[in-house]
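The first chain written gets the first letter, and so on, giving A, B, C and D; residue counts start at 1 in each chain.
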Amino acid sequence: MSIFLKYILSIIIFFPLLSALLLVFINKKAEGLLRNLATILSLAEFVISLFLFIYFKSNTYQFQFVERFSWIREFGATYFLGIDGVSLFLILLTTLMTFIALLSSYKYIKEHVKEFVILMLVLETFMLGAFASLDILLFYLFWEFMLIPMYYIIGIWGTGRKVYSAVKFILYTLAGSLIMLFGLITIFILHYNQTGNFTFNLLKLYHTNIPLTLQIILFIAIFLGFAVKIPLFPFHTWLPDAHTEAPTAGSVILASVLLKFGIYGFFRFAIPLMPEASIILTPVILVLAVISIIYGALVSIVQKDLKRLVAFSSVSHMGFIVLGLFAMTAVSVDGSVLQMINHGISTGALFLFVGMLYERSHTRLIADFGGLTKKAPILAALFMIAVLSSVGLPGLNGFVGEFLILVGSFKQYTVFTIFATSGIIFTAVYLLWMFQRVMFQDITNKNNENFKDMTLREIITVLPLILLMFFIGLYPDVLLSRINPTVVHFVNIIEHNKYAYNLIKAKMGLFNA
Amino acid sequence: MNSKDLIVWLIPFFPLLGAILWGVFGKYFKNYSGYLGSIFIIISFILSVIIFFIVAYGHGFTSILYQWIDASYFKVNVSTTIDRLSVVMLVMVTGISALVHIYSIGYMKDDKGFARYFSYLNLFVFSMIMLIMANNFLLLYVFWEAVGLCSYVLIGFWYEKKSAVDAGKKAFIVNRIGDFGFALGVMLIFITIGTLNYSTVFSDIHTLPPYLITTIALLLLAGAVGKSAQFPLYVWLPDAMEGPTPVSALIHAATMVTAGVYLIARCHIIFSYSPDASNVVLIIGGVTAFIGAFSALTQFDIKRIIAYSTISQIGYMFMAVGIGSYAAGMFHLLSHAIFKGLLFLTAGSVMHGMSGELDLRKMGGLYSKMKITAITFIVGGLALSGIPPFSGFFSKDAILADLFNKGDYLFWIIGVLVAFMTAFYIFRLIFNVFFGESHVDKNLHVHESPKIMTIPLIILACLAGIFGFIGLPPFNHSIFYKFINKDFANSFNFAPAVNNYPWYLLSAISVIAGLGGIYIAYVFYIKKSFDLEKLKSKFKPIYDLSYNKLYVDEIYDFVIVNPMKNFAIFLWRIVDILVIDGAVNGIAQYVSITSSKVRKLQNGMLMSYIVTLTVGVIALLAYYFVR
Amino acid sequence: MNVNDYLIVATIIFCIGALGVLIRKNLITIFLSLELMFNAANLGFVAVSEYLNLISGDIFVIFIMVVAAAEAAILLGIAIAFYREKGTINIDDANELKF
Amino acid sequence: MEALFYIFSIIAIVSALMVILVKSPLTSALYIILCFFALAGFYILLNMQFLAAMQIMVYAGAIAVIIVLVIMLLNLAKIKGAIKDFHQIAISIIAIGLFTLEVILYLNAAGEKKPTGIYTNTVINKIGNTQIIGEFLFTKYVFPFEVASILLLVAVIGAYIFAKK
């Protein structure tokens, strides 16, 4: 057991890859076997990752389950893993969502099943690796690798303009991450110049002294990489396309996990590496975040395509998370982290439901639906819960995170928060209107006369998410108590730097004028 | 957890249990969900009464269930506060709910969504109970939204009807606009005081600068205005009548819509520190009372008339709490809950007998066919009109007397005017529906409702008859005032009474106004001494204004909804697709054009490659020299 | 007659070879020009090696000869294949390696 | 000695020029053999008789003969590669002229370097240049030597593959 716990992160990261390897040896034609095996393996992976949760010590901000081996000695690159309260839940979310995504694609994916399940498992490895890496080179490697399976998932199993979307997705994110690479390497070299050691160890790089002007440049560079991923207005246009054309499983993973990397990157890399610059640029980012919130919500209102609507709603929700993170109070950051999980659950569920509708009617246009409640009461009820969770109804998960973000940001950034809060009105408008047009009223489309309710497999697919919505909504302490020490530490660092920054400014006489 | 706590937590537990049971396993319960649901609520009612006596003969207390959120310095418990204010509300809510549940068994019989209906209804009762019992602002906000959700699903209960779903959505969204303010208020409280617990907030609020207190009060008021359908956010309530009638009775008359008044009463300390905010409450109440009554004058849909009447009556309550007469406001809240619940339920009974007909032009002379309904309806109408000895008389007069005695003559005049209009429109309704010649479709078999529906009506009618006596004038010396005002003892800062006219003088005026309204309705609709059409054309602008509800919906559409929609389309079509995507695709196109030009350099001719190579070598060497 | 003279001669031959590569279109002639360049380099190696009293330069010449021989074999093989394909050995016809 | 150097220089440069100027590949091949001989003469002047022998055997003997053989095989003697593209020739001549200038400038600019090795002409003559090269080749440079042999093998196979139908 102790050895298991010692190397648990590596086991969790590479278990899916090994599973994928195993699947390589299975006959292409045995689709049922492939699907079942992949699903069971991903479930096993989730169960293994639960050990992290069980053995996680909730009273410290230190990294846990640390593993460290030399990798490329010449550059000081190490295989350095470790998690804290934030990455813990993101890892759990990843393993859960991969399982659910695989489970959801039994009917949706009809061709190239083998390739699909293998790609999904490989993708899982990369995502987990990126969440657990504490070495920036290792992180960057996983981060870039992640794009490849996603590119194929959108490009092969997508619909409509799938290739356009896949290419747009990869070019957008690649452009961002290359600029980011530039920033990371500059920090690496700066650290070398200051200490004479080559190291990619994040914890050591935290102590790099970066001159303020350079910090701002680097921050902007790294910001671009993460902002595209989040995606923050105006870097968001790849998201609706990618979401719309991707298969259900792809959309689910994209929304639940991939988007979180942007926020996670800010939390783990950009802000701690360049605290002063992030403090200076906070107003700019908050403006973008608030624009994202309102813009995403307004544009959602007029969407005609279900998936596109949910995608724009993601833009809006992610804006909240950015707002909370950059308000940089313990409460708002707590809320942000919690909301990352919540958004993964709620939006993932929404995409699952949209996928179910699409499987039945082969259309995603809202106008083609209507009156489905009569035919599919279970679907309607569960879909409704997912919608309400996304609306941020109290008692469900979305509310807690959203409220923490807003209440945490309110004091310092009152105006931004007021604008952001108005987003809750628009959210209700577009989601409820969508739900009404899809599920209520009379059936207008003859194709929907034989609309089937959810099958047992589908219910099992969404049930964990629905239960989690209630659980987090009613008892968020399970998450918050583990997240909080990390977040408090994070905020303390920022506060410390803020203090130092103000001293410098005072010395330079910027405030004297 | 001692027995007191246990009782407190059992009150919301039963409705919640019901909601989950019928919601998840509704298929298996079928009609039992109605009976069992009613029994659950009755249990809650009994428990509430027990708690009522515990508090009445003892003290209020708080009870913590568990810690809900613990994010660094933001800590919130799930906990209750039980005091005089909340027990009174509890008894009222569970009592009316129990009656409505029983009534619904008959009303919703044969409906496909029977179990679903009771699930929603139980969920609503749970939420409402928690809203009342909450002991911090966040929990209040949570259930504030939760009752909004229940209202949403219940208004849109018959989801095939577009109008019903639209109305539900409208209700939810308009409420959200109010809640937007409410949420900001809650946040402001937290960042200024550092906690959301009632007791701390109320004891520390005086340390804040006045402008902050006023801001907080106004933001909270925004929530109250949305939930209680006050001007300018009242537009959702008339549409909300698309829901089943018992729902209208419970949610949109008796309980949920009065939550705004409850909120202000609950936060009376905040409001009493901010005279400006209280004045705003008063003005909103006055304006709403008038608009509601004015719009009710010309409607033909019986439920809509009662809905407008609700708006206008809540306006009264707002006026009361706006001048600091919290006890009077609460008294009117309770008596209004009874008689308005009664009116809605009887209207439902009429609908039931008329197979869903709502237009009063197609009714008439129903008295003989449904006697119980008619008599209970008239009792409700008399209570609404403020005719003694029915409850409305006592509660309305308590408010009017306070208005006059505190010197707010303008609002007193409005109050009397509204009382007059109220009596007119409700008796216009009564005369048109139950008396006069029949316009009922000949094929329609009009019948009295079953006993399970009429018994709650009778109970409510009796209550409407006797309830008022607990507030026997002079109000300041009545049982109710003495009981509830202990909670409002620290509401000060309000102007003391400038006049001390005896209550009977003022009452006489308002009773005369009420009787006048009834008489005019009688003249118009029974004796038909005037040509109504002529009158209508003579006052056409005013009539149209009233009939079209002051065109508020249209104005909102024109000023807010449509511009917003167009703006959204503009953002999507222009900003998103044209500008941003255009820029992105433009860059991509620029790159591909450039590269299609550049790739011509690679022409496959060996010679040109070699020449290029040589030039490169020369350039490198040249660089060596230049360096 | 020091090392510089040898190097100047080597330079001249090298440049003649390079010029030949640039201006001729005949594959065989180009190949011959390349050989000229090789030989010019060889001459340089030997001259410098002699001047510096070293042997390495001479050894290099031997390896260059080996490479030249190998290259000759390959290139002539290519020439035959190319001729068979196109019926000519004008390198302007070898223009398929583009966009 | 000096006279020999100039004679070899003139032969080498003129024959090199002829290689690139004559139209017939066959004539070119013959001129290049002449050039190889002149270079062999240089090697003798530089006291490297072994290399001179190698030059004549490998270049003039083997490579040039293969070329001539190919020319015969393909019957290319008649094909006259006419120089037509004057534009290209102008650029090439300018480029090469510049290049020549630069190299010569470089040669002048390069500083004097003192001899560092021990193999002066006297030493070489004492041991014999063939033996010295042999010793170097099979001791210090034995690995490159083996690689070179593999290279030749690969080239042979490659040539076969290319020329095969």
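Quick note on the criterion: a contact is a pair of C-beta atoms (placed from the backbone, for glycine too) under 8 Å apart; a residue touches a chain by one contact, two chains touch by 3 or more.
By chain, UniProt protein names: C = NADH-quinone oxidoreductase subunit K.
Just so you know, these numbers come straight off a predicted model, no measurement behind them.
The greatest number of inter-chain C-beta pairs in contact is found between C-D.
Across the assembly, the mean Cα position most removed from that of chain A is the one of D.
Annotation: 66 Å between the Cα-based centres of chain A and chain D. Averaging Cα coordinates per chain places chain C and chain D 7 Å apart. Averaged Cα coordinates give chain A a centre that lies 37 Å from the centre of chain B.
Centroids built from CA atoms put chain C at 60 Å from chain A. Within chain B, residues 607, 611, 614 each touch two or more of the remaining chains.
In chain C, the residues that reach two or more other chains under the touch definition are 18, 22, 25.
Those residues of chain A in touch with two or more other chains do not exist in this structure. Every pair of chains that touch is listed here: A-B, B-C, B-D, C-D.
The residues of chain D lying in touch with chain C in their complex are 1-2, 5, 9, 12-13, 16-17, 19-20, 25, 28-29, 32, 35-36, 39, 42-43, 46-48, 50-51, 54-55, 58-59, 62-63, 66-67, 70-71, 73-74, 76, 79, 81, 83, 85, 88-89, 92-93, 95-96, 99-100, 103-104, 107, 113, 115-121, 123, 129, 132-133, 136-137, 141, 144, 148, 151-152, 154-156, 158-163, 165. Per the touch definition, chain C reaches chain D in the complex via residues 1, 4-9, 11-20, 22-26, 28-29, 31-33, 35-36, 39, 42-43, 46-47, 50-56, 58-59, 61-63, 65-74, 76-81, 83-84, 88-90. Listing the residues of chain A that touch chain B in their complex gives 168, 171-172, 234, 236-238, 295, 298-299, 301-303, 330-331, 334-335, 338, 371, 373-374, 381, 388, 393-395, 399-400, 403-404, 406-408, 410-411, 417-418, 421-422, 424-425, 428-429, 432-433, 436, 439-442, 474-477, 480-481, 484, 487-488.
By the touch rule above, chain B contacts chain C in their complex via residues 599-600, 602-607, 610-611, 614.
Within the complex, the chain D residues that touch chain B are 85, 88, 91-92, 95-96, 98-99, 102-103, 105-106, 109.
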